[in-house]
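This is the structure I want to talk about, given as structure tokens.
Think of it as A, B and C in the order they're written, each chain with its own count starting at 1.
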Amino acid sequence: MNFKAQLRIVISEFQKSIKIWLAYPILLVFWVIAPLMWLLPFIFQGKALVGGMHSEAFKNLTGSPNYLPFVLIGAMVSTYIFSGLWGVGNSLREETYWGTLEYIIASPASPILVLLGKTLAEFLYASVNVGLQALLATLFLGLNLTITKILPVLVIVLLLVIGFYGFAIAFAGLTLLIKEAHGWVHTIEWVFYLFSPIRYPVEVSPITKTLSALIPLTYALVAIRTIILLNKNLGDLHKIIFILLIMDIVLLLGGYIIFRLSERRTKVAGTLGQY
Amino acid sequence: MGYAIEVNNVIKKFKRGSGLKKREIVAVNNATFEINEGEIFGLLGPNGAGKTTLVRCIATLLIPDSGTIKIMGKDVLKYPLFCRRQIGLLTSGERTLYWKLSAKDNLKFFAALYGLDKKETEKRIDYLMELLGLKEVQNERVEKYSSGMKQKVSLARALIHDPKVLLLDEPTLGLDPQFARFLRDFIKNVLNRQERKTILLTTHYMDEADELCSRIAFINQGRIVDCKTPEEYKRDLPHSEVLEIKTTLITNAKELEENLSKIPTIEKVNITTQNTITHFKIILPRAEQVLSDVISEVQKYAKILAIDVNEPTLEDVFIYITGRRLTEDTKEELELE
Amino acid sequence: MNQSLRNLLKEWFAKAKHYLRAIWLENLKEWKIELTYKPDFIRGLIDPLVYALPYLLYGIALVGGRTSENLNRLVGTNDLITFVTLGYIFVGFLNMALWAMGFALRKEQHWGTLEAVFAAPVPRWVFALGMALHSTLHQGLMIFLQIIVINLIFKLTIHPQGILPSLVVIGLMLIALYGFGLMIASLTLILKQGWLVSEALSGIMMIITPIAYPLSVLPVFMQKAALFLPTTYGVMTVRHFLIGEQMGFSLWTSFLRLVILGIFWVGVGMLIFEIIDRRTRRSGTIAHY
């Protein structure tokens, strides 16, 4: 298949995913509002414990005393991770449920191209979500986003999601072999909630600090918060950017290999299409 | 003319269950057959006989444990992309499409997977929607369609890239009789006669196989037991008749079956029970000769409800060869479906 | 007269035995089904812990330790770990009503067993009580584990004499939650995206129930809304007994309101259940999924 035909596969999958999402407009509303709703208790908890919107103890740990933007950024960036986990990681499970997976595998198209289409659609979807979240947060929660910070933040987000989607593709492959995928999605969610600074500064305990170093999301969140809250630029973050790049390469390659292996394994074990 | 599909000594086993219950099931056991270009070839057997597994191996969805499969002369494992391009696949079941998309959007997506460009895609969709009478509704979401219409869209998907070979796995299963009729005519007249497609059809409806197929392979418990034209099969039972008896429920049918088999000239006895009625099929040269013996034997066990003598059908040949009916299925094999 | 009274009693006992057995077996059935897939079961048990810990760690990060002067000023106790942990128990009870009970009927519908259940010769409330019993026991187990683990990590300090009255309060609160759960269970039968309703309600209820903070930090309209939720009284009264939280209203007010809310929510739950039951039986949509 020539490059043009391959590109068409990616674009068609992209269009298909978007069209199916548009059939469930309520879900878009849900994913915009829910992450913001989930973080409101953290704001009220902050108020109750420190009496205002600034905390000296928080400043000692994170460099900024403002806990509100801290949790806001955590909620917004993690939207990419959690919607990607469902949207890409669980997507082949979804195709199985629809009964369409066998037809995709039986076609001459590479399933990796199909997943690439899904990934691009997912990125757009999450970006729309986060964009709307940022808008709501600016209007109602007093988040201060200057235009000049958007570009460097986007660079970090891209570095985060490239590796993460590699992971999600590997996961998508594994869901062909493991039936109870949604349980694993939850387990992965836990790991992220507990050991990365989505909802609290991991520096608070040496255990969480050490474990969080294994998760790319940790670096991305630290970098994004540094840009937005401490007014640093990308140049100051070259070390984090380097670590993220290495993680991207490892995750993308690993994701590809694991997917290929699981795809083959599925055809031997005969579990394709079973729901 | 060459072979469209060659299946050579294919074996496929599955591991099922876990722990102590773990065991191996042989789904396809050393299957070998060839399908000529342009023919409709039937794979006839009861549920769980291994038909679907075989089709999935041919469609590159499963990797056989051993043996080779070739499509248009090329090995499916070595040239999977070439082979997939030659094949159009249609399976039974309600859910094989994106219900939230229109028929047209479904087809557009799959066209891209098969490498069709924009112009070709439009042309094929137009042609197929016209051919299948879906033109009016092609922009409506599939969830609004009847099950017959959904199956039409699935068929259109199988045809979108104009494949040389069609794999139709129980295509009429669960469809209402009227639509099943349409589909059979369509397969025979349009797909085979007009479009010259090679078709592999699996079914457990013997009428369907008899009507459509130029050659039929009987498959039972994973084995291909025979492969001939329908006429040849019927000639297997020369000058035979089939004596059919219905009685009230018989519990020790095994014993009766043995007793009946002892009656001279009786070649095969098959007994099945459904809804408290026991059905006998007895294959023999002339029913008249032994009718009274058979009746008196059966009357020892139950009350006779009906007696009939018929010409042998394909199903009777299947019983003659395998001792099983097409509508039977065993528990273990059902787990595979 | 005596004879007929005895017969009546006999009949009544037979009926009670029948219903209690049905409730118990409904509970057992749910356990058995859940235990068929153990990884999910175990994951379910750990779930609340995973979501509770970030709250605690976040609290510590905010004040640089486990005591908060501001919290002391607001409610008269400064131990944020015990305060938040006790509060988080009530997330479990909310989940019980919204998810475990809320989806019990929907699950039966999905399995195709709902019609058979409803065709059985027991009143529907017997089935509802079976659901409630199972969800409570299951949630109780989860809460117990959660407290044990958090206690191991952080050492909680409570007044032990407050445990018994706390259980009474929780019991009263559960009655209202059962009514609420029954309402959700009925609604999910007819709503296609029922999980969204539960998700939205749980999001809102988690905010307005004062779990990780005192009621007084909420905006006034949320404080008012919170007064309609049994969990608000549950969490505040239990913390009052165990760590001396100052509630801003008397114990009697709290008990009285819990009783009123119990009657109110059970009434609403049964009414909505009845309406939806009739509706689905008329339109014949009960088996639809």
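Simple rule for what comes next: a residue touches a chain if its C-beta (ideal position, glycine included) is under 8 Å from a C-beta of that chain, and two chains touch if they have at least 3 such contacts.
Quantities reported herein were computed from a predicted structural model and do not represent experimental measurements.
Ranking all chains by how far their C-alpha centres lie from the centre of chain A, first place goes to B. The innermost chain, defined by the distance from its C-alpha mean to the mean of all protein C-alpha atoms, is A.
Averaging Cα coordinates per chain places chain A and chain C 32 Å apart. Averaged C-alpha coordinates put the centre of chain B at 53 Å from the centre of chain C. If you average the CA atoms of chain A and of chain B, the two centres end up 46 Å from each other.
Put simply, chain A touches chain C in their complex at residues 26, 30, 34, 37-38, 40-42, 44-51, 55-58, 60-62, 67, 71, 180, 183, 186-187, 190, 193-194, 198-201, 203-205, 208. Across the interface of their complex, chain A is touched by residues 12, 14-15, 27, 53, 56, 59-63, 80-82, 84-85, 87, 89, 91, 93-101, 105, 108-115, 117-118, 141, 157 of chain B. Touching chain A in their complex are the following residues of chain C: 37, 39-40, 43, 46-47, 50-51, 53-55, 57-65, 68, 70-71, 73-74, 80, 84, 193, 196, 199-200, 203-204, 206-207, 211-214, 217-218.
Taken together, the chain A residues at the contact with chain B in this complex read 1, 4-5, 8-9, 11-13, 15-16, 19-20, 23-24, 97-100, 102-109, 114, 264, 267-270, 272-273.
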